[in-house]
Amino acid sequence: MNSGNSIVELVDITHTHSDGARLFDGLNFHLKSGEMAVIYGSTGIGKTTLVELIIGKRAPQSGTVVVFGEKIDPGSERLVAKTRQKIGGVGGLFRPISYQTVYENLVYPLILRGDRTSSCRSRVTRVLSQLNLIGKKGETAGNLSRGERILLMLGRAIIADQPLLLIDEPLAGLDTQMSSEVLKLLHRLSVAGHSMMIMTTGQTDLQVPNATVHEIRDGRLG
Amino acid sequence: MKRISYLIRKSAGNIIKRPLSGITSLLLLLLLFLMFDLVWISALSVNWYLDRLVSKVDMEVFIEGSLSDTAAAVVFETVRDLYGVRTAEFVSKEDARERLNSLMGTDLLAGLEGNPLPRSINITFDSPFLSSDFLDQFEQNLRRLQGISEIFYPRGQLQKVENIRNLALKSVIFLGFAISLAVVLNLLQSIRLSAKTREEELMQHSLLGAGKVFLSVPYIFEGIFYALVAAAVGWALLIYASGYLTFKNVEIIFPTRLEIAYFCIVSCLIGMVGGYAGIRRSL
Amino acid sequence: MNSGNSIVELVDITHTHSDGARLFDGLNFHLKSGEMAVIYGSTGIGKTTLVELIIGKRAPQSGTVVVFGEKIDPGSERLVAKTRQKIGGVGGLFRPISYQTVYENLVYPLILRGDRTSSCRSRVTRVLSQLNLIGKKGETAGNLSRGERILLMLGRAIIADQPLLLIDEPLAGLDTQMSSEVLKLLHRLSVAGHSMMIMTTGQTDLQVPNATVHEIRDGRLG
Amino acid sequence: MKRISYLIRKSAGNIIKRPLSGITSLLLLLLLFLMFDLVWISALSVNWYLDRLVSKVDMEVFIEGSLSDTAAAVVFETVRDLYGVRTAEFVSKEDARERLNSLMGTDLLAGLEGNPLPRSINITFDSPFLSSDFLDQFEQNLRRLQGISEIFYPRGQLQKVENIRNLALKSVIFLGFAISLAVVLNLLQSIRLSAKTREEELMQHSLLGAGKVFLSVPYIFEGIFYALVAAAVGWALLIYASGYLTFKNVEIIFPTRLEIAYFCIVSCLIGMVGGYAGIRRSL
């Protein structure tokens, strides 16, 4: 099953929450390299839980999660940390740090990579102008509007340049103009070679070309 | 931005951005270290004082009146060469009489014929041997020699000093241990507070793949900073204050500079341990 | 201007943020008792800022904010606290306490009122069944899905029974079924006499009968 | 749920739900209180010891040989009735000779005609008057009486004791103050940590209209709890331990039960202050 270009492989995942709610029941899913998958399902169906499984924040009761060819096991810290460096995200767990400035939020992936200060500055500035957020560079992230926050997290994903992006409800609470801007960005990221999983409740407003669409239903992904 | 320079700037930022918390943490540690320092200084000073008290202890060995002067001289030489003896002085009948006279101010024995005072040997000891145990043993060895009538030394005083020294040692160990534990726990709490205010950051940065070590270094630095500054400021304050304080009859003994330097190094280690313990649970 | 039945009065509000963005420029707005006002405007236009002005979390640079006949001044703690007891909300600042259970989140307004334990229990249980959340009673709020979280905050507003509700983007990220459920609840609250301000970016999906609709544009409310 | 019962349950919950932090806070406070208690006990014990030392101090007043016995008796009566005198004993020439004999073991004056020893008065004092200042004054007053040749009392020893008492007092005040400050700061940090982990809650509850007082009560309770438990456990430990410890030559003096009770009450107040200071900035 470990086909060479599979980025995410979920095999026979079964997951029941502590309160007895059966979320996944033999769920199988493969994300090919460069693929953009839209996963939809009603609220509470388990989309965010799926993200948590992939980044190793939660372990499934049975089944295996393989990301970038590595079996994810929340127990082995080192492996999870190494894999996480390749996974970016927007929404859900991936939130801006509310008390840091927009700049500080964006520069961290570069620091982690060990880039020099000057190259960090120019890279962040470039991304901020792409996002039309350059005026907010020094603003505390907690003061941003909802739309700006989503842009910020997309910016972080662009800067961190992670091959896999997990995007949880990217258009929630955005106006039409901002929505289309976000969709354009997502499309550009996909073209740039990032593999993506986009979680959403309403499939309708997410019209992305080239996306494969999957629905979570009855604990499986169709 | 190089990773190392980031870590250093981050550590400094953690302290500076919450100045009130930083000052509280520092002040608390400073108070604890000051107590530790005072305990140390007191221990050294008490020890010095007791050493001085004990150094005056000597032993008086009386020689039997029936012994001939030559035999007495042999006894004296034997005693003088015994292990632990620093000085031994032979006190002849005439010496003894003179001592009594100078003590009393008048020749009390003027009316008496002959000299009833015995000959004696006055012994002082090297300081490591000034313990009641050693002197007991020494006395027993002396008693095996022939021609010795009586042996006097201030056994009670010596034991009293030893008791006090013992009590002081126990107190110092207890206090030192308690204060060290308090320092570690206190650092742990300070760092935990510091980490708690940055929970979001720790979570997001770990999502971005920052390793536990990379995440915890600033907090460990912060712990080291607090411990080192508190330790150094504590000693600086005490050394400064000691210039203004003088006590009659009491000499204040400070640890040597080298010891203080070691102390600061150990503080750094404690800071590291406290910092690590404080950040550990937030990761 | 202080008409007897005005709940919220915003008079000549001018507000410029620290970064120089001019948000409000002589904004006027009145919410009559029992009114349900939908306020829409694109992202970053200042909807959440408006909520913050009304609950006294922020002071306007000029103009006056009067709520329940009291002039709101973030400086006077007592007055603000007293007024806040009458203001509930969903979204924006009004978030569930993530580490507390659903029950604990809901029961607090009753505790604050000094209700007896038994009556608290039954009231919370009743509201939870209304919301179809009864199965999540003991669940930590941080584990809830986005939709459940909005229901929870609506539940808190119902329990707290505050005359004024400030609702920030109630439908963000909800599926159609959940959306209609939330809208039904909002309608029911309005019928029950609550005055409401609903902030949203897209006016389209918020079809509520009897609502007055206002748009924020050019720093004013039309 | 009544508000009061909620507040009490909330306070208990705050402590129980973070047992490790609670134990750390308690342990830290306990260590600080133990130090304070030990300082207190040491001060009492040192004081008791010095009192005992000083209580043996007496004054020897020698009467001129030329004075008649009746005049000497008048002097004695005058001295006996002076302010501060507890006992006054007249030592006649014969008494003095007997004392010397019993001291020396033999009648050294046997060969002499007459008795060269002077008459004297041996004075002891009530304890409040056993200070070098008072005895100086007393000596000067005596010197104004006629027929007194010499006055002896251990002035040096008395002053030494007074110096030590002074030093001990200063140390106790400094340590007491430092430890109290450390206790308050430490409570402040513990409560701040506790509040920090509940920031969301404080924010949402204040949005729901909870007043600052209502919000801070559980944290003030928490502070009082830590302070009270640490204070009480500290004394309990020490009283328990004192049953197992005995020192030769050193008597350990505990504060009275009433004083300990007051101490615990003051701890509660300190807990309140620390708790309030800790929660204040989070509101």
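Observations, loosely collected:
A, B, C and D label the chains in the order they appear, each numbered from 1.
Just so it is clear, a contact is a pair of C-beta atoms (placed from the backbone, for glycine too) under 8 Å apart; a residue touches a chain by one contact, two chains touch by 3 or more.
Being a predicted model, the structure only gives us computed values, none of them experimental.
Fewest steps needed to get from subunit B to subunit C, stepping only to touching chains, is 2. Each chain's centre was taken as the mean of its CA atoms, and the one lying most distant from subunit A is D. Subunit B and subunit D have centres, each the mean of its CA atoms, that are 24 Å apart. Averaged C-alpha coordinates give centres for subunit C and subunit D that are 62 Å from one another. Separation between the centroids of subunit A and subunit C, computed from CA atoms only, is 30 Å.
The distance from the centre of subunit A to the centre of subunit D, with each centre set as the mean of the Cα atoms, comes to 67 Å. Under the stated contact rule, the graph of chain-to-chain touches is a ring, a single cycle where every chain has exactly two partners.
Each chain pair that touches appears in this list: A-B, A-C, B-D, C-D. Of all residues in subunit D, only 1-3, 5-6, 200-201, 203-212, 214 touch subunit C in the complex they form.
Looking at the complex, you find that subunit A touches subunit B at residues 55, 77-78, 81-86, 88-89, 93-100, 107-112, 114-117, 120, 156, 160. Looking at the complex, you find that subunit A touches subunit C at residues 17, 19, 21, 42-45, 47-48, 135-136, 138-139, 143, 145-148, 169, 172-178, 200-202. Taken together, the subunit D residues at the contact with subunit B in this complex read 20-21, 24-25, 27-28, 31-32, 34-35, 38, 108, 110-112, 159-160, 163-164, 167, 171, 175, 178-179, 181-182, 185-186, 188-190, 192-193, 196-197, 247-250, 281.
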